[in-house]
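Here chain A shows up in two complexes: once beside chain B, once beside chain C.
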Partner chain A sequence: MRITGIAYLSWKALRHRPFRSLLLIGTIALTLYFPRALQEFISRSEEVLSARARSTPLLMGPRGSSIDLTLNALYFTPQELPPLDYSSYETLARKDLGNTIPIHSRFRSGNSPIVGTSLEYFKLRALSINAGRLMTRLGDCVIGARLAESKGLKPGDTITSSPENIFDLAGVYPLRMRITGILSPNRTPDDHAIFVDLKTTWIIEGLAHGHQKLSQAEIMGSSRNSAGRILRANASVVEFNEVTEANLGDFHFHGDYGNYPLSSVILDPSDKKHRALALAFYQDPAIPQQIVIPATAVEHLANTLFATQRLALVAFSLLGIAALALALMVFLLSFRLREREMRTYGKIGATRLAILCLQGAEVTIIAVAATIIAQIGVTLTRVAAPDLLTRLIS
Partner chain B sequence: MKSTSSPALLILVTATLVSSCHHSNKKENLSLSERSKPIIATVNYPLAYFAKRLSGEFADILFETPPNVDPAYWNPTDAQVSAIQEADLVLLNGANYAKWTSSRTIPYEATVVTSSSFEDTFIELEEGTSHTHKSGSTSHTHEGFASTTWLDLELACKQASSTADALCEQFPEHAESISGKLKILLEEMRDLDRKMKSVTASLQGTTLVVSHPVYQYWTRAYGLSAHALHWEPMQKLGTPELGELAAIQGEKPPVKYFIWEGPPTEENINKIRMAGFINIVVNPCGARPAKGDFLSVMQENIASLSEAITAGTSSNTGAP
Partner chain C sequence: MLIPKFECTEGQTIALVGPSGCGKSTFLNLIAGILNPSAGSIYIDTTEITSLSRAASAAFRLSEIGLIFQEFELVEHLSVGDNVLLPSYLGTRKDQTVIENRARDLARDFGILNYWDALPESLSHGERQRAAICRALSARPRLLLADEPTGNLDPVNKQKTLELMHSSAKEHNQGLLVVTHDLELVHAFDAVIQFEEINQHGQK
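Right, the complex of A and B next:
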């Protein structure tokens, strides 16, 4: 019997029992896929996490978990640590150790983080504008490519910040923001984020606001104190929930800038000496801020991931052995059921070797198909790992 | 046969996916597009002048405020803000000057406040009055700090020095040339400062009336006292304005000098003269002058003051 004949007969036999064949292919594919996919996902995640961490030289933030601080600054995860005050940023900036980039990522619009920062952030991450332009004023935002794609947004559209708690009527005020630009995709959490001027996040926080002028006729009924010097505004004063060219000048900040909140500050030191100086300065336990090396924090996180991976791999290996044993049993039972068919092949002239080849070919076709499917799955997992990681972390 | 084509397909799919990942990372940052010269953006003309004098030809100066608009109350368009965002250095005056900078997104890391070395000497303004400069234009109120710092030429020297420091830090390769140019600029400005002190010495003890509240640093630096109005040189002066002027004359010690920000109309010159004042133009030079430069405008201010004082002295002594 020729090899093509063996292949043809094997193929026909597999097609004759499609459900059994597909079940076997699926089982073997999944058995092969899971451990490899887990390894690939963790390995790729480690690469992606490390790459983003390495592009963030140093991070200054409140004292607490360095991993929480790093994930908040790099992946805009919900803020677990207390806020940093703006005066800490100013203190660091005045030291002239390098570029300082503020990050305030407390707020969200739906599931997308709103990141208050400066224009330097775009340079640090090499983010380019794909459509439109960077934000130019309070209330403007630039959004990531994936967010724009998923919501069908384009420059000129608006997006509204979400209240943190719908029952907190006096809390965060939803701000409708003008989208001025869409970033080019770069397969990082930036693709899902909304970037605004730092001051815009303070408007959302309620530290700055705009309202109609207190001298307007609508609120003339407001009471003045006895000296007539202080005008007490009443509830009729309309507060703006959107910054426009017309009301831009009416937005103002209350209180001391130094007390305004931030999440963290990225420091890109000018050179090694300035990096060492920055690290040394924040070693003092009396200083309420810490400085972390994101690459080191991510390394700790990766070590935890690898430990978890080892545990999962042992579990997958045991399950895999069980699944393969079951598949082997299915094959053996199947060949026993087809004994008459094999005898017929012998009667019409097939040698014992040819029959063994026929059975072997069936197993090989199933194994190869399962391996290919598993490999495609592993490749897709590797490609999707950065996005998957972003979603899992955020 | 099919089993041999599947791995090929797998390789092709993988290669395409990997290549698309790499391609997306190769896009260059638009903001780093190549330019022939660095750009220095400024919020007023004096800083643009200092930056130009100090940088010479190695940088381009971005100061887009139209000549007839006060840069302190100018509102840039989105396109103009985008151009400023591309600047290598942004020079601010400080003291709340150019309020647009607090509501627009500018590159903080490239921004230098040229008055930060003397911010403890800023002059606080009393409660302001909302007013407009032209019919139809946006109303504004002078509140917070007085911001025309450069009219005190000593402060102007400090701002020029801050500008030089910022330029040296940003463009260290030009540091030597910048230092040399700063020395010459400071000499010229100190010379003007001496002349200003000399010419204003005879005004000390008298009260001046100024058309707009922008001369606070000038009056403090040269020991003068001024009563500020909110008039424009082209404004038509009616009975209320002249009444206001008469009231000042009544309550203040002999007042005889009226200082305008820019050349007033002939009618206004005559009305002020009829009210017993001598017209003087002291141009703050916040906006780019139609002719000359910052130093020549300051020189003209000194000449204008000198001429008016001579006229005032001769009128006192009965000379024609």
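Right, the complex of A and C next:
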């Protein structure tokens, strides 16, 4: 019995019925792929989440779900918790427990989060500029490498924030931002984000704005009272939707800074003692903020994911058994339909073993092809897991 | 079936005739080692095939006996070339290039080389039977057994098929045993045997 001859005959039989063969390969590959890919994805996600969480020592934010707070600060997911007052940030900064980095990640440009923060954020995450420079004034932004690549953006281009609700006339207006730099890729959510100065997010929020000078005579409809001293702006006053060198001085803030919103504050304590002090301070239930250890929050999230994975694996296993039984039935039916062909092999002089090998080789070729495809899929899933995770949760 | 003695010498061509159901095909299957007799022995040259194991008998058949069937029994998903080379794929021979060259020569002689890569379904009945004969001859067997090889062929192809089998048997000194109903074609054989003459079952 020639193994190559047997393998060749099996290959020919499979090639003669390509649809059936591909269907079998696909069914078996998917049966093998899903449970392995789910395990790989969750395991890799846990690694990626933990790595980012470990690089974020402490997180201060409004009371509520620690996971929501952590995911918003680390992955810029939509903000689920109420905003934090800027005064809370100032209070924490004044305690001098370590480096404090504000995060305001409420707004988006398309699917990309706009993250208002300070330059300290770039140091904490070890983000370097690949092209251009960091932002230097209101309305400037630095964007992640993947976002720049996907949209073909470069320094000097502009990107516009998305209005939150186009029917809300008094709501958030789009702000066109100047791109000053592109970050080097680091395969984290930062690759997809738009980083601006905190104050720029307040412009988007409408807490700060810039408009024509009301004293300009050409403003139609501007009025003075009888004394001629009070200016009343009306709808004809042009509001700037972009910060330029020319109108930079016309942007101004209304109200008290302390009431301005933030999403959270990253605290990088100077040492263990300051870390303990920070944790102790926010344990007081009277304080409306909480302090979270992101690694612990992620661990809770991972435990939930692993519990879900176990349930999913049971479901996949049952489906897998059904699919494999179906594939086995297809094989058996196929061999039954080809009984005459097998009889011919026997008459010519093939031994029973050779005929069994021939049938076994067909099953093996299908199984090996399915395993290879499933393995490639699992490897790709593992490689793509960080990006996939970012897309799924942000 | 009771056959006291039957002999076919090297290069001899024998036509076996008889009514349907008298056991001619069973007799061929016994000689080929596909079936085992309940008693007695069958020798091909010095090999007693009735004493061989099932696997050894199959291996012997693959290398020493060429079988030709009425229904051609070509494998539909294999090309004509692969069908001709089928014994070599199932066997243990390693000189595949030599075998393939010889098979191509055979196919040329039988006028089916142009269909080498075609599937059997694209061939006429006569061409299919020629491909089946090529398959039986490709392993250079010492004995050719043909069960109604012309049963499904038109008169022209019948004649041609028999001529090809005869010429191969003579050229390679192979024994040729053909079961047939077609009495018009049997005159070309060295011997024509009425199956009832050798089968003494019921005569005792």
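Keep this in mind: the second predicted complex is superposed on the first by the 382 of 394 C-alpha atoms of A that agree within 3 Å, B and C clash if a C-alpha of one lies under 4 Å from a C-alpha of the other, contacts with A are read in each partner's own complex, and residues count from 1 in each chain.
Heads up, the rule we're going with is that a contact is a pair of C-beta atoms (placed from the backbone, for glycine too) under 8 Å apart; a residue touches a chain by one contact, two chains touch by 3 or more.
Remember, predicted model here, so these are calculated numbers, not experimental data.
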Are chain B and chain C a fit on chain A, or do they clash, once the structures share the same frame? fit
Would you sort A:A302 into first (chain B), second (chain C), both or neither based on which partner it touches? neither
When the two structures are overlaid on chain A, which partner does A:M177 contact: first (chain B), second (chain C), both, or neither? neither
Going by the contact rule set out at the top, does A:A13 touch chain B (first), chain C (second), both, or neither? second
Across chain A, the partner (chain B or chain C) reaching more residues is B
Between chain B (first) and chain C (second), which does A:L92 come into contact with in this model arrangement: first, second, both, or neither? neither
Which angle, to the nearest 10 degrees, do you get at the Cα centre of chain A between the Cα centres of chain B and chain C? 150
For A:D140 in the superposed arrangement: first (chain B), second (chain C), both or neither? first
Classify the contacts of A:A148 with the two partner chains as first (chain B alone), second (chain C alone), both, or neither. neither
Looking at A:E120 after the superposition, I want to know if it touches chain B, chain C, both of them or none. Which is it: first, second, both, neither? first
Of the partners chain B and chain C, which touch A:L58 in the superposed model: first, second, both, neither? neither
Where does A:E341 make contact in the superposed view: on chain B (first), on chain C (second), on both, or on neither? second
Taking the superposition as given, tell me the minimum C-alpha spacing from chain B to chain C, whole angstrom. 17
Spell out the residues on chain A that touch chain C in their complex, using ranges where they run on. 1-2, 5-6, 8-9, 12-13, 15-17, 340-341, 344-354
List of chain C residues in touch with chain A within their complex: 32, 34, 54-55, 58-63, 65, 67, 69, 73, 75-78, 82, 86-94, 135
List the residues on chain A that touch chain B in their complex, please. 7, 99-101, 118-120, 122-123, 126-129, 133-138, 140, 180, 184-187, 197, 199, 215, 248-249, 251, 253, 365, 368-369, 372, 375-376, 379, 383
Chain B to chain A touching residues, read off their complex: 1, 3, 6-7, 10, 13-14, 17-18, 21, 24-25, 27-32, 75, 78, 81-82, 85, 99, 102-109, 130, 138
